[in-house]
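A short write-up of the structure that comes next.
The chains carry the letters A, B and C, assigned in the order they are written, with residues numbered from 1 in each.
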Amino acid sequence: MVFRQRGRADVRAVDGVSFSVSPGETVGLVGESGCGKSVTSLAIMGLLPKRGVRVEGSVAFDGTELLALPPDKLRALRGRELAVVFQDPMTSLNPVVPIGTQVTEVLTRHRGLSNGEARREAADLLRRVGIPDPSRRLREYPHQLSGGMRQRALIATALACRPRLLIADEPTTALDVTIQAQILELLRTLVAESGTALILITHDLGVVAGMCDTVHVMYSGRIVERAPRHDLFRDPRHPYTGGLLASVPRLDQPRGARLEPIKGSPRDTIPWATGCAFAPRCPNRIEACTPEAPELVGERHALRCVNPLRSAPEAKVVPR
Amino acid sequence: MSLAQMEAVAPEEAGGSLGRDAWRRLRRNPVAIAGAVLVVLFVAVALLAPWLAPYPPDKPVGQVTPTSIPGPSAEHWFGLDDLGRDEFTRVLWGARWSLVIGVVSLLLGMTGGLLLGLLAGAFGGWVDGVVMRLVDMMLSVPGLLFAIGVAAMLGSGLDAVMIAIAVVNMPIFARLLRGQMLAQRGSDYVLAATAVGVRRRRIVLGHILPNSLTSVIVQGTLTLATAIVDAAGLAFLGLSSNDPSIPEWGRMLADTQRYLSSAPLLAVFPGLAIIVAALGFTLLGESLREALDPKYRR
Amino acid sequence: MSFPSDSPADPVASGEPLLSVRGLKVHFPVHRGVLLRRVAGHVRAVDGVDLDVARGMTYGLVGESGCGKSTLGKAVLRLVEPTSGTVLFNGADIGGQSPEDMRRLRRHMQMVFQDPLASLNPRQSVESALTEPLRAHGFTGDRSRRVRELLDLVGMPSGAAGRYPHEFSGGQRQRIGIARAIALNPELIIADEPVSALDVSIQAQIVNLLEDLQKELGLTYVVVAHDLAVVRHVSDVIGVMYLGALVEESSSDALYAQPLHPYTIALMSAIPIPDPEVEERRRRILLTGDLPSPMNIPPGCRFHTRCPFRQPTRCADEPPGLREARPGRKVACHWAEEIAAGSIRAAASAHDPTATEVGTPSP
């Protein structure tokens, strides 16, 4: 599968983002608010509004061009083979329909199960996502569940049709860490067991480190660094990636060391047309950073930077 | 996830205070412009009626009999009324009375309502309970019916009309302000002000009240429209001044009823005037609401 | 600072804690019924907390949503009214103050809020927001000079004074919120999730700022947060809260080296670490079930319904008190020693098939 797409509103929210994800693989899109990672997921799913937004490029799903697909075909595909889980489960679940109906509906419509089969299957799904007492929960409404339960119910509906591609857009950001651990474990199992391809969108480097095979770091609508996760975390080359890693305190390292924040805020960007968008905040900034934006170069470890961080000597790429 | 939540990429436009922001949005809104034009027209006519009107409003200027009421002509644009007075002049003068009745009744009602709302919102507890039950009782009676009752009780006359409309509007403002204040009272910045030790009175007057007033301004503009319609309604029912020389739109409507078949235009002109005035304030009020609502902020 | 001298309770012996909380409870009544409102129960948001915060140090309160940590922070400042218990600040009982005395006392104890936009009045310029506390406490000096001083302290240009909250980025707004909190030279600052609303790259700026200000102004902090990594970074002592009570209290380093309470163990094992190699090696202890309602706290140990180390005796019927299990370390668990020694191991859950990876976290 190859995704190659470009979105453009009045401003270019996402610009020239290309990546691919294979069955059983987890790809991470990492970045802060405003980097375009959520717009990317909406564009893939065809969920951006038609008016005022232009999406260019190509989103190929198993050879099918999604951007060229008529809306009804896309909708059918969305329920069955593509699924998405958003950050806020409350907005994605219908508040006036019991959880059970929402899950069974997917099963009867997309998998052609009878009502009785669908109910049994739904209860089984809820059990699989770690919801205790599933047959009782099936009768309840979204507001009767806690946030963690709702997110798990939403994942259950996403899993109901055994999607081949799951996009999880900040699936655990609104949840507590102990619940987050449960949900991530669930996603890991899903990918390993059913060969689902997973696109995980998050701002949390810790989540990425534990989940993703390949990581794409996004800044201001473009991918600035792409690498297998071990390479990325051992040897971050883009000053933005390095800055992000240096600015979060780590539980497993001695405390007391001062954090090294990235200066400025995500607002302090310049348009890519006038140079590297990160240049105003970059500690490695040189003359060559403007006025021409660098290209994304490299195969295994790709980088969009003219003056990257020095590669750590012990970090010679180790083939796994 | 809604589009509004979607990551905003553009750096925000450098703006000033919220007021300046709202003003910018207002200027760009065609509905607001239309409303403002109508309102300005209405107010200008009301203020300048004595100079704009070609004839005296209370003296016959032509010959009429019940069977022949002259229609529009070059000398009398809207024709003459049943007593031979110039209809155009009377519509212009009517704006003046509408504005006076509307503004006075609005100010009375708003002041009373805001005081009640402030009392309830600032003190809470049993004060709130008593005030709000009173408000509920007043609101449970249909507005115009309530106004008719009050006006009838006070005896007819312009004062009675203004007081009646004010009384009807009072509970609306009371409830609005109290609701706004309750919402603001629970907000973080009020907690923050408490935490730095700002005095209670200053928190209510300096933080809660100003942030609650935007919706009052909006409501005030909209209420002006209903006040004008209500005033016309009461006058139509004969509850306004008995003085036939006062050109009041509602009364003009009532007086022409008998001639509806022979001179239907006599009802159309004051009717249109009422619609234009009410529409102006409604459009302006609605676009103010949009401009001041944080949800529309970009 | 030029303030009228109404300084309360001079620092008693300097060995005394600046803040001392004893048996603090905050219960919110829950009403049912429309016509006949009656109390249907109580949300026990804070349910009996004791803690001491020494002068000049940072006390971190961690726990997940609904554990009562924010309510505790607000109750200490009497921004919510405690149901029972005492809060001593500088030896003075906060609960016994008249409203006006309490207002004056606020000069010495301030708060930094989670959402910097919501905690600033949208109609108030920065200058006005920063001078407000000065006016409220009768500051007699040059106010606009003090505003410039404050902006400088939090790393903002003095030109920011005339602008409004919505014109700033999240990080800048939080700097303004911090400037307001330090305007009166307080001794104690309660910071309620001070960085959780901010972008990752901004969080470190604010954390560093808080640390710098502590050194410069000799502040004492209580930092309330759910992010254990941030809390551990800034805190000297950490209290872990679960369902309204402290379940463990320890120095920050000792807590990480070996968490003693099963909840702390699970919490720490759940926090993702931005290093794939560590992530692959570590074992996770997954909790099962959901947080019980704070209206209906389980009897016995409040954690026993979800505890992977639950034992057949004592846990369900005997509430464990916060006790000193090791020197300087308090824990509310009957079996802390056995769990630490490895003689009690976590059990996989019966109804959560995902809870298969079980064991003790490898450091």
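Rule of thumb we're sticking to: a residue touches a chain if its C-beta (ideal position, glycine included) is under 8 Å from a C-beta of that chain, and two chains touch if they have at least 3 such contacts.
As the structure is a prediction and not an experimental result, all values here were calculated from the model.
Enquirer: What is the graph distance from subunit B to subunit C, where chains are linked when they touch?
Expert: 1
Enquirer: Can you tell me which chain pair comes out on top for contact count?
Expert: After counting contacts between each pair of chains, the winner is A-C.
Enquirer: Compute the distance, rounded to whole Å, between the mean C-alpha positions of subunit A and subunit B.
Expert: 52
Enquirer: Measuring centre to centre with CA averages, how many angstrom lie between subunit A and subunit C?
Expert: Inter-chain centre distance comes to 31 Å.
Enquirer: Give me the residue numbers in subunit A that touch at least two other chains, ranges are fine.
Expert: 33, 267 - these are the residues of subunit A that touch more than one other chain.
Enquirer: By residue number and range, which residues of subunit B touch two or more other chains?
Expert: As it turns out, subunit B has residues touching two or more other chains at 12.
Enquirer: Of all the residues in subunit C, which ones touch at least 2 other chains?
Expert: none
Enquirer: Please output the residues of subunit C touching subunit A within their complex, sorted ascending.
Expert: Checking each residue of subunit C against subunit A gives 64-65, 169-172, 199-205, 207-208, 211, 226, 228-230, 232-233, 252-253, 256, 266-280, 284, 286-291, 351-355, 357, 363.
Enquirer: In their shared complex, at which residues does subunit B touch subunit C?
Expert: Residue list for subunit B touching subunit C: 12, 14-18, 21, 187-189, 191-200, 202, 207, 210-211, 294, 297.
Enquirer: Given the complex with subunit B, which residues does subunit C contribute to the contact?
Expert: So the residues of subunit C in touch with subunit B come to 74, 77, 79, 99, 103-107, 110-111, 113, 115, 118-125, 132-133, 136-137, 164, 166-167, 177, 180-181, 183-184.
Enquirer: Under the touch definition given earlier, write down the residues of subunit A that touch subunit C in their complex.
Expert: My answer: residues 32-33, 127-128, 130, 132, 146-149, 176-178, 180-182, 184-186, 189, 203-210, 229-230, 233-234, 243-252, 255, 258-263, 265-267.
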